[in-house]
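In this document, chain identifiers A, B, C and D correspond to the written order of the chains, with residue numbering beginning at 1 in each.
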Amino acid sequence: MFEFGEDKPKEECGVFGIYAPNQEVARLTYYGLYALQHRGQESAGIAVSDGHNIALHKGMGLVSEVFSDQDVVSLKGKMAIGHVRYSTTGSSLLANAQPLVVHYQKGMMALAHNGNLTNALELREELGKNGAVFQTTIDSEVIINLVTRYRRDSLEDALVKTMMDLRGGYALVILAEDRLFGIRDPHGVRPLCIGKMGDRYCLASESCALDTIGAEFVRDVEPGEIVVIDEEGLHSRPGLAKVEHAFCAFEYIYFARPDSTIDQLNVSESRRRMGIELARECPIEADLVMAVPDSGTASALGYATALGIPFGEGLIKNRYVGRTFIQPTQAMREVGVRLKLNANTSVLKDKRVVMIDDSIVRGTTSSKLVEMVKNAGAKEVHFLISSPPVAYPCFYGIDTAEREKLIANQFDVEGIREFVGADSLHYISEEGLLRALGTTTVCLACFNGTYPIPISSLKQGKNNFETFN
Amino acid sequence: MFEFGEDKPKEECGVFGIYAPNQEVARLTYYGLYALQHRGQESAGIAVSDGHNIALHKGMGLVSEVFSDQDVVSLKGKMAIGHVRYSTTGSSLLANAQPLVVHYQKGMMALAHNGNLTNALELREELGKNGAVFQTTIDSEVIINLVTRYRRDSLEDALVKTMMDLRGGYALVILAEDRLFGIRDPHGVRPLCIGKMGDRYCLASESCALDTIGAEFVRDVEPGEIVVIDEEGLHSRPGLAKVEHAFCAFEYIYFARPDSTIDQLNVSESRRRMGIELARECPIEADLVMAVPDSGTASALGYATALGIPFGEGLIKNRYVGRTFIQPTQAMREVGVRLKLNANTSVLKDKRVVMIDDSIVRGTTSSKLVEMVKNAGAKEVHFLISSPPVAYPCFYGIDTAEREKLIANQFDVEGIREFVGADSLHYISEEGLLRALGTTTVCLACFNGTYPIPISSLKQGKNNFETFN
Amino acid sequence: MFEFGEDKPKEECGVFGIYAPNQEVARLTYYGLYALQHRGQESAGIAVSDGHNIALHKGMGLVSEVFSDQDVVSLKGKMAIGHVRYSTTGSSLLANAQPLVVHYQKGMMALAHNGNLTNALELREELGKNGAVFQTTIDSEVIINLVTRYRRDSLEDALVKTMMDLRGGYALVILAEDRLFGIRDPHGVRPLCIGKMGDRYCLASESCALDTIGAEFVRDVEPGEIVVIDEEGLHSRPGLAKVEHAFCAFEYIYFARPDSTIDQLNVSESRRRMGIELARECPIEADLVMAVPDSGTASALGYATALGIPFGEGLIKNRYVGRTFIQPTQAMREVGVRLKLNANTSVLKDKRVVMIDDSIVRGTTSSKLVEMVKNAGAKEVHFLISSPPVAYPCFYGIDTAEREKLIANQFDVEGIREFVGADSLHYISEEGLLRALGTTTVCLACFNGTYPIPISSLKQGKNNFETFN
Amino acid sequence: MFEFGEDKPKEECGVFGIYAPNQEVARLTYYGLYALQHRGQESAGIAVSDGHNIALHKGMGLVSEVFSDQDVVSLKGKMAIGHVRYSTTGSSLLANAQPLVVHYQKGMMALAHNGNLTNALELREELGKNGAVFQTTIDSEVIINLVTRYRRDSLEDALVKTMMDLRGGYALVILAEDRLFGIRDPHGVRPLCIGKMGDRYCLASESCALDTIGAEFVRDVEPGEIVVIDEEGLHSRPGLAKVEHAFCAFEYIYFARPDSTIDQLNVSESRRRMGIELARECPIEADLVMAVPDSGTASALGYATALGIPFGEGLIKNRYVGRTFIQPTQAMREVGVRLKLNANTSVLKDKRVVMIDDSIVRGTTSSKLVEMVKNAGAKEVHFLISSPPVAYPCFYGIDTAEREKLIANQFDVEGIREFVGADSLHYISEEGLLRALGTTTVCLACFNGTYPIPISSLKQGKNNFETFN
């Protein structure tokens, strides 16, 4: 599947934080963000605090493009937070890049946010009535304004009061005074975990970032918990009571890196199990199991092993696909998908093929892949999907296509099968998915429309503050 | 003199605004800023409003570098404001570039500011107590926060209340709702004038910008006045009562473009008269009058004509000096100034020379120029300065060197003469300068320390909010 | 394995050519190069001919970075050639980017070259005696000088005479007059194949480029053959007699894309067979077979299937590794390899693991990977390599490390095992490799030092013309 | 006048060379080129030799843009040459940037060239018959091919033989073996002078570059002379016999920097004298003499002084004109010229004005300036030109407009006056110009069509090798 493609849900952000006086906190944050790059490729930023002043460097592009060695060296301090952001059309602005750094009555503060608030508009309006001005269209600015308004109290109290106002999914890292904070919403929609290096602590959206910098995994931040990291080490402050856990199932299905472990479950293992569930639900007599690389691979291997069918590389990915390329003309329109994936004829010829992907959003790419595999000589193509049909938008931090473009809103499964041109099509069942995940407390709203957190204010769809150019 | 050099006072900003539905307001603003480029080369920005939404494009560098044709075309609307900013060390940040655009309770607003507030810290502190957060270190953000806080009232009332809070020098252009505002502080420290194109109006820091876009000069904005430009044309609102006018004398001496006319006095004419005053105060028997190009030229011509001494180009300026160049090594340290100016031996040889410059700040460049002219064969070098000695810092929008680096704080005139190595040195007297300007209501604080506007809060010197990297 | 890493042999180039009047030949060449990007990431270039004039655009970087849509649109003509080049340290110069375009007595000519001449120095010297000057350090300039010197004859005759002078490995595409030429050296060291689109023909280093633009594979260019493509279609001219075929085995082992088919053998299939041969030579009782991604994957799947051991993703590759990143400090030196690959603990824990890679050059990365896999909990790590030990430099177009840095020149297999820290180490045998490839006519010089083409002049090692900065 | 404008003849190049072991020759060359930047703004390059190897850095843009400190530091050696090139439309290519560096039979050589050959096509054709290939469209490549072909002889002999083949105007600096050469064509069309620093020597197109690096002017290279600079110092080798000296008059009129002295005549002094000659030929009863800045200033001062009329700055130049700006729309077409020059109303109002410029090429800008000055209130505008009418193209290194676009080919003087809208128009006479220059041995071909060097091969106009993109 296309990591740079246009037909997948998109994660909005990754965050990282570290408290480590006498170490190069900016450099460690850089490597942490590097490992989280799959969570956002639009912009990257690092804020470093010496306990008083906060310095910031951010820019558009990949972590490796935004930061020079000089940039990292010049960010000196004892603690840091970092952020990578994904590019949604239309609001891809430097002004919206994070972390957000502000001066306020008590000094400076920096915040980085992964997730999405469902009551951001109401909160903005209320803050505006008291004279607040906003320079960006990101939720982080709302959150930071709430914190500063509650700041007559202690910082911890201000954070709790802020959490009481917020609705939606959020994982936050915050630099304030001489402490680093990590906060996860009470439903635990977005991931955030704690690592340890020597006697210092760090925070990351995924454990792969801890591995990369050589930190040891400690535990996940609990839903509703406020974690404080400072000179004394790690403390947990009661934030909000954890409510029904509603971790995003799509993190396992597609977003998270296979080598990350979230809530005790390794991502690649969860995908392998989805393949096994697919094998249980839909065993097919085939000569070859193949994946749409790279995210379908683990499921395909699970399926192949479960049924004893050989696994093969039926689609080869171009490892040098840039983030942009010159668009093919209409006459060359087939070139587009082939720049990224090519069918491997010698593997496919005369085979009955099971092809496994993680999801179908609009279906356009899927239909091209099926055609490509058939043209390469496959006798049959059975298409298996390791997620249920995506039929509802996400309001907690994932950018799926607009609802009317979701193919699962246009056709039933047989219609989708016809559209993509496969000989058969099977989506994993919700039950199968839950079995694979070994839990029932995940958010499946994009599959079944049951939203665990109210979303009233966003009925009209998009945040209407997207008016900056 | 060196437009890119390090030994001159520096203007902080230039502003432009236009209300002209059905015209390319962004393009006209671009040309206006182009003509005001001498007022700031660090960053440039244009904000365009359609009466509801405001789009912004800004960047580091010259106007011609920041804007592509595509950028200008994509900024559509019925009114626009623009800003050029000068690079002060340490706060040369994109975040600090203007115009500043905000969302607030009543919609959007954009503001561009030339000048400096003397009570910015107090205002920030007070706003902070009410929960305000600041993302930049510029005064504009303070002003815009005041306006939005007073905005329960009508916008005009909010502006008047804001002006009552502000102390210092400021010329503002503001886009709000479907109107364009122009405001000048009650002392009229910074310039702002009104132009007319057909039945539409525009605002600019200097009249040369009006000439450039083909607008007709109407009048200066009065000190303390609020000018409103909208569909109905031009209106004047009483702002604050004009107090003792204190227009910045350095605008005439050095900053403003020679072809601009400010408060009825043409800048190049004012400089010519300074030369005549110098001739009256200090007539020298010489063979040649020359200028330190380009800003000393008009004074030198005035002096030469008054005394009937030939004017010649004794120093030739390299017209292709870039804003940066590779620093000479210690062994080549004389190269630095010669990259910009070279003595023209054939003009200077065996001559008794009067060399005229507009000011001496630290004196280092002046001493090199005197030496260069002498090495080229001048028998005598008499150095005349068309401003009094600069001995005090400016708090109203000009960046002079720090006080202890001002040569006039280290030596008396004879000491300075010795330092620069001239055969004689004469500064115009304050009386002479005032005679040349034909007025007594100008600010001469940087010469005599008499500050027309209180500056208490900035005693310690620099704004201590300069903590962003 | 690291596509961007420093411890692998490096291919020097990929070439593409197309003759297709009335089609967008530059755009098709762009897509062809895009598919060949793995053969060279340093620079890219496209030359387009209208039969008379030749226009060129080239630059440093990836194809997607070098060409804008505007660049491609402005390259108009009826035929084109393109080139991607790999970055060797020290000669990474725009001047050395290809295609090379020259004016000569009969008009213009453009040439792109993949391979390396072994008698380039002698040819340069001889040409120099006749007054030739060289502006680059690339062999292509030698070749083009030879062609123009023989050009009193027909172009075909000049090409044959040139081939008689050349020694080494070369695959050439040439634009001259109104024809496109494709030439492969008599040993067929480097690949070059022919494709067909409608009634037009194209040439490419690998068949994956034909797939990408939607061309049909016709056949490989024969060793020693000159292929002429023009208005009349495709013609074969006798070039030099094919001698002992000596196709580069490393193209199968590592360089070529898995979906390419060269000399009737699919690359991914060849790798799968190498895995089967490894299983035959060295069956290990293990719990898990894993690959060093991505190039070891096909071999590992072959091995796993042959022995019925589960295949798993024990190392996860960061899919967003940029071509550059900030170097870790000494204290963080372990971070380097983990930025690219991370061990997947949940897959590896308590397993006896077979890890398969395509080759070991210096061994430094291998030892880190073994350690990483062990740290993740693997009980045993058996390291299998799908190539024999690399002990000799290549003189035909591959950049291996310098001979003294090749680990196979420092240790025997047991010593290497100890160095990388594996429990056992097995390299495929030459016989096993040949069996997998189904042929004996491949070049194995880098394994056994038997060079099929004389290399006398390059004894001293590097081309000493690398003197440009 | 517009240094960046489109309506002036254009110099093609500036060259610099220095031999100074143990000094930073690249840095000194950088400063030399910086001082010669007015001779070419398209590209810049520096080649440095250690006596054996030659390293090169070149790029598009100004000297200050092309070279970073790192670039200069990395160019190590004992001698260097440098080149700045002007941008002619269509051949503005990096490939055409100089110096040109080649490998040839005897080692390496670097060459930089100012001027134009009139028999380049014939020489290319002859070289091509012997198999030479050309990678650029610049004359320098022809010259270097000749030198290498003659190189069986000693280098000096090869240079003399090459000079015997060359026709046209050329000033060359060459690095070869361990010597630096300076060569000027037998007519001395282009300038080249010698400087001394301690016991080391350097070469430069103009003496202002010597001043800038602190070198002492020694003398001009003689027409036809070969100057050799090496460890022993400076030597003169007989090159070709000097023929009728034909130094380019336009160097004095417009190109050269005012502070340069060429053939014993200071450039600014020569311009002052042109003004005096204009006063003699055409004394006008006026209230103000003004220049089109900057190149008309010296002449205007000469004129004003001669007639006792006040000189004033009637046109003010925008000192921050970038090399590119966004084009005005048709409706704003008057903006273009006003971005660069603005009339200074207060100086011009109700005056009878003499406006002096150095030349009129197409006349479009002149007519706008006259109109602008009149609109600013001038009662009369008398337009005086310090060159005779430009009616013929230059073939020796200057890019004037195409012949049919030269206004002097479309109208007589009265017609031109009418076109530009002046009250009177006077061009200096050839006699007056020669009187000002104090010599008769200058090239006046662009005024009178008498070409001192044959130009047969270029009858058709442009060099038809301009086919590279």
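The rule is short, and it goes like this: contacts are C-beta pairs under 8 Å (C-beta built on N, C-alpha and C of every residue); 3 or more make two chains touch, one makes a residue touch a chain.
In this text the structure is predicted, and so the values were computed from the model without any measurement.
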item: Residue-number overlap at the chain B/chain D interface, same or different (half cut); value: same
item: Chain whose average C-alpha position is farthest from chain C's own; value: B
item: Approximate Å spacing (C-alpha centroids) for the pair chain B, chain C; value: 60
item: Separation of chain A from chain C, taking each centre as the mean of its C-alpha atoms, in whole Å; value: 36
item: Centre distance in Å when chain A and chain B are each reduced to the mean of their C-alpha atoms; value: 48
item: Shared interface positions of chain D, touching two or more other chains; value: none
item: Chains touching one another, given as label pairs in label order; value: A-B, A-C, B-D, C-D
item: Residue numbers on chain D that touch chain C, as the complex places them; value: 53-57, 74-75, 94, 100-105, 108-109, 124-125, 128-135, 137, 144-145, 148-149, 151, 465, 467-469
item: Chain D to chain B touching residues, read off their complex; value: 3, 24, 27-28, 30-31, 34-35, 37-38, 41, 62-65, 67-69, 72, 208, 211-214, 257-259, 261, 266, 268-269, 272, 294, 297-298, 301, 305, 310-313, 316, 318-320, 322-329, 332, 334-335, 338-339, 342-347
